[in-house]
């Protein structure tokens, strides 16, 4: 099926099998390999992207469902080559180790801060509940998000 | 989150000891890291494994014709082909486990659910999986053994006929004088059974590879996230009947390892064989369910008939126990677990009389392999359990029993009953720090306050050692025939033509920040900024910057890796001075100093040679240099820790170089009506000697803590009696999420290791402390003796009945 | 997992026995039968699509009568193979006269392997119980039809 | 990952969706996909075709009737329900939906999907059974409305037959509700859950103890445990809980939900 999907402002037109998951479409067809795959049951959140303004896990959508949609991924966060405030905070607070969950984690935090620029500690935890990290224990991630919250 | 900073053990300036933000993070926060599944090649074929649905069965027939007939399918590989093209993997075990014939695909028989049976390669990922469903495998199911305690019964099915029985390895370790200890004892505390459960660290990225075969030079390039290429190469070369140089391992970023990515060599062999057979790059992605079913479970261990000789005042004299270790279906790194624990045989305590009868058996479950805290975690959990059970039996305070028996700071360096040397540490002071962080003296108030809400408060301590830098000679304690000993790591540091400082490591970091800490060490020696130091990302065996034990595992980078970096940088600094001395017309090295990105004469700063000039002269402008000037500005250093081969007969000798320490305290609240409990407060204190980058060290402490919380409360690879894994995904295998994290207080002290060039100790595997702290808190909160390392709500509820 | 129970049929034992041994009736009793092949009086093969709500599970089910004592006892070995699931089942039934009616005691040892097998007892046990219930109801219907036919 | 081949259609109306479903008995409705897509990844199920209900406005929205009855479109996401001012008329709905899974799943997963999948660990089947919700099911030959007690038939099975769709969920007025669960970790999968409503009697629905929510009634909170005992539950055992433990939790959680309901 033909689809036209806007990712980080660029419209991509492709022919995809209906069975192809959005995450495979992003990684394999569009070579946007920043979004990752950490499970096969929709639990880990490494594939989290913002889909028409809403945070979703791109492993639980079909690529064909993204036809006409606006998608934002980790590749779109930086301002030019410069890290944005959230990315800088992750670096300064050592909120990543292996960095595999980080793209999804950043998208979840981005979605949170858009809806709620000054979240409470509990709101930060709740916003990140759908993203598994096996390296950091999350504590430094909370600190990083707090650092950019107003 | 609160933090207690360590008292600085020395006043020192420079980059070492600073929390420098990581070099790795820019690319990783931009989604520009390169993980194995990001590597693509033109015309690559996607590999999908047909896996066994049975825990134990004869394979009566395999028919791949229907799969191969599908358009877009490039080809298949079966166990029969593998057996023809390769030799069985080298076995670490002597008899009986050593008799096992282990190939990279099942041959004639399957031994666990999820075991790879056939590999199918096709044009797309989806097609490869479709075609794998057309592979017809006829199985004749056999009876199954999943409980290690039944594996040696007469009626238990035998997994490996070559081994004759399910016994893989056994050995008796005895040190001191047990009879005297038990004669001297006021009391003997007995514990029938303790159980350390099966789980692993489930790195978020599963295994994978992209393998290319260069037909012209008959050499494979293996892009993979294997975390110990040195080991993989030793396993793969002989099996594939090729020299190590034919196997090039390349890695950039690895999405977590924790030991679980050491034993992917069977899958890598399959990729290599198919890359050659099909003459195209082979791409293999392991999915989460595949990983849970088949990859690197941690050692499940039982401790039976434990007897502890104690004095009424809580003084521990010694113990006897029978350890039964469940290796799963294959020995992929085992039976090394049968000796690794001995690095910490007495735990942190002064008892001198120890007897452990160690037995390892095979079962119809996934093969075990190293997992963060490998084999020591089980032993340390055991010794900690003994402490709290003894304290309870003697009605003594667990804190007092620990302090009475801890090895003391004045005893350091301390030789254990089995000849290991604990390098440094002040356990009692660390415990005091942890108790202060948690507010120990207010615990009774908190207990009462919780009770007023109908909740039971429980508090527990876990103290463990994180032994690092293995002496691989310990492998001879399980198989004297083996020819491994010592350890090593490599780094090269060079000054390139435009004065770039370029560092290559032999390691395969998975988030430990090696690029950053290596740059800090180099910067201090060359008197420049870490920003001026280019550390190559990842690992490539073509850099020739590796040795036999290269990799990232077993808490050793801060010792082996950074000592290699220091060695190579010291060499480079000396060569720079030698060169400058010649250029300045015979100025001696001690009259020169490195500063401001160059070298200058101390009492004549005008005489300055920038690094750029040094690099240019040696590499591109060297006419007229003295003939005898042996300077390349490209320095390779191999760090080799000082080890001897242990006494095999007595199983006595030093097995590791450094001993980092972790002491954790957990406070939990139990809902007595349901057994549901939450960790409401947590303290973790760490001592890993000199800290190169405190923030990175603290990150390791936090990560190990989170994994301990998951393992103690939720994470388990549990099988039903038919050998079906009941937790094959993150629905049923619950790892901690953001909302599961308790308030955390961290603290640190620094007891530099007297045995390492930088005073550092390897660290990162201290999670065992947390698993025990939670077990002890459950014991405190329920008032019942806890005998299992895994305490989900239903077990806590059962304890309360 | 082991399931067992008893059921009384308002029909003579001989009728129940006949139905239980008549492939045509069994084809109507089993869930989602699409094809039913009779090799001989002891060995049958059914191609079924077991309704599982989210989608049918296709299976080829080989049945073999491994023991029988007419008209009171029979034991069958059942082996099913489908993508995602392997079924191994030993089932037996005892028939006894119960003043005019026929009392059946039945028992089955069910082993399910493969991805479906790892869905967990939480899901599988209720599914098995439900399928059994439906089979018994269908059996009752067949017995009554047979009775009317006599 | 890696689904079997499947056809995909995105109908423009409920009528078209029904026609597509009726035309192919191998077709399945795709709602939020937060369960179905995962089952398809495991290839434990593989429909021949997916009929994507996303974008059908007819199936969205929460309306508050004059009599206080809430009419909920099955394609309303958990997040939309949590945010809905109308839905606050029955506060328990938003309270429970805000604890389902995580932000990503709540943004995509739907009320109807949760009910129609009827996984034993789901939150909404017992909740809807307790509050006495009714479901409107529409097929080629019109609509019918069934009470929640008749809606759930088994694991992954409901009264919604082939060629039919759940088109509306009706929740009567009421505020005296409670919900209690023991989950795997904070906010994880339910081990056992219970929903309670006080309307005259206490009506309690227990989840994760059988193929469908188990309804029990009691006159007062003090009678709840006996009522649960009288139900002779025989819950499944699994890696998270023995049958006995689940049966015990059912009593405790039923009482807690009931206590919240009488509040």
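Chains here go by letter, A, B, C and D, matching the order in which they are written, and residues are numbered from 1 within each.
One rule holds for everything that comes next: contacts are C-beta pairs under 8 Å (C-beta built on N, C-alpha and C of every residue); 3 or more make two chains touch, one makes a residue touch a chain.
Predicted model, so just to flag it, every value in this text is computed and none were measured.
Student: Measuring centre to centre, with centres taken as mean CA positions, what chain is farthest from subunit A?
Tutor: Following the centroid criterion, the farthest chain would be C.
Student: Taking each chain's centre as the mean of its CA atoms, how far is subunit C from subunit D in angstrom?
Tutor: Spacing between the chain centres: roughly 31 Å.
Student: Between subunit A and subunit D, what is the gap in Å from one C-alpha centre to the other?
Tutor: That pair's centroid distance is 28 Å.
Student: Just how far, in Å, is the C-alpha centre of subunit C from the one of subunit A?
Tutor: So the centroids are 49 Å from each other.
Student: In subunit C, which residues are in touch with two or more of the other chains?
Tutor: Expected reply: 83, 85, 115, 120-121.
Student: Considering subunit A alone, which of its residues make contact with at least two other chains?
Tutor: In subunit A, the residues touching two or more other chains are 17, 19, 24, 37, 40-41, 126, 129-131.
Student: For subunit B, jot down the residues that touch at least 2 other chains.
Tutor: 125-126, 133, 287, 289, 726, 731-732, 736-737, 739
Student: Which pairs of chains touch one another in this structure?
Tutor: A-B, A-D, B-C, B-D, C-D
Student: Which residues of subunit B touch subunit D in their complex?
Tutor: 48, 125-126, 129-130, 133, 287, 289, 673-676, 678, 713-714, 716, 718, 726-727, 731-732, 734, 736-737, 739-740, 792-794, 797-798
Student: Quick check on the complex: what are the subunit C residues that touch subunit D?
Tutor: 51-57, 83-85, 115-116, 119-127, 129-130
Student: Which stretch or stretches of subunit D touch subunit B in the complex?
Tutor: So the residues of subunit D in touch with subunit B come to 1-5, 42-43, 102, 182, 184-189, 191, 238-242, 245, 248-249, 252-253.
Student: Going by the contact rule at the top, pick out the subunit B residues touching subunit C in the complex.
Tutor: Spelled out, the residues of subunit B in touch with subunit C are 53-55, 113, 133, 139, 141, 289, 720, 722, 724-726, 728, 732.
Student: For the complex, give me every residue of subunit A touching subunit B.
Tutor: The contact residues of subunit A facing subunit B are 17, 19-20, 24, 27-28, 31-41, 43-44, 46, 73-75, 77-78, 83, 87, 90-92, 94, 96-103, 106, 124-126, 128-143.
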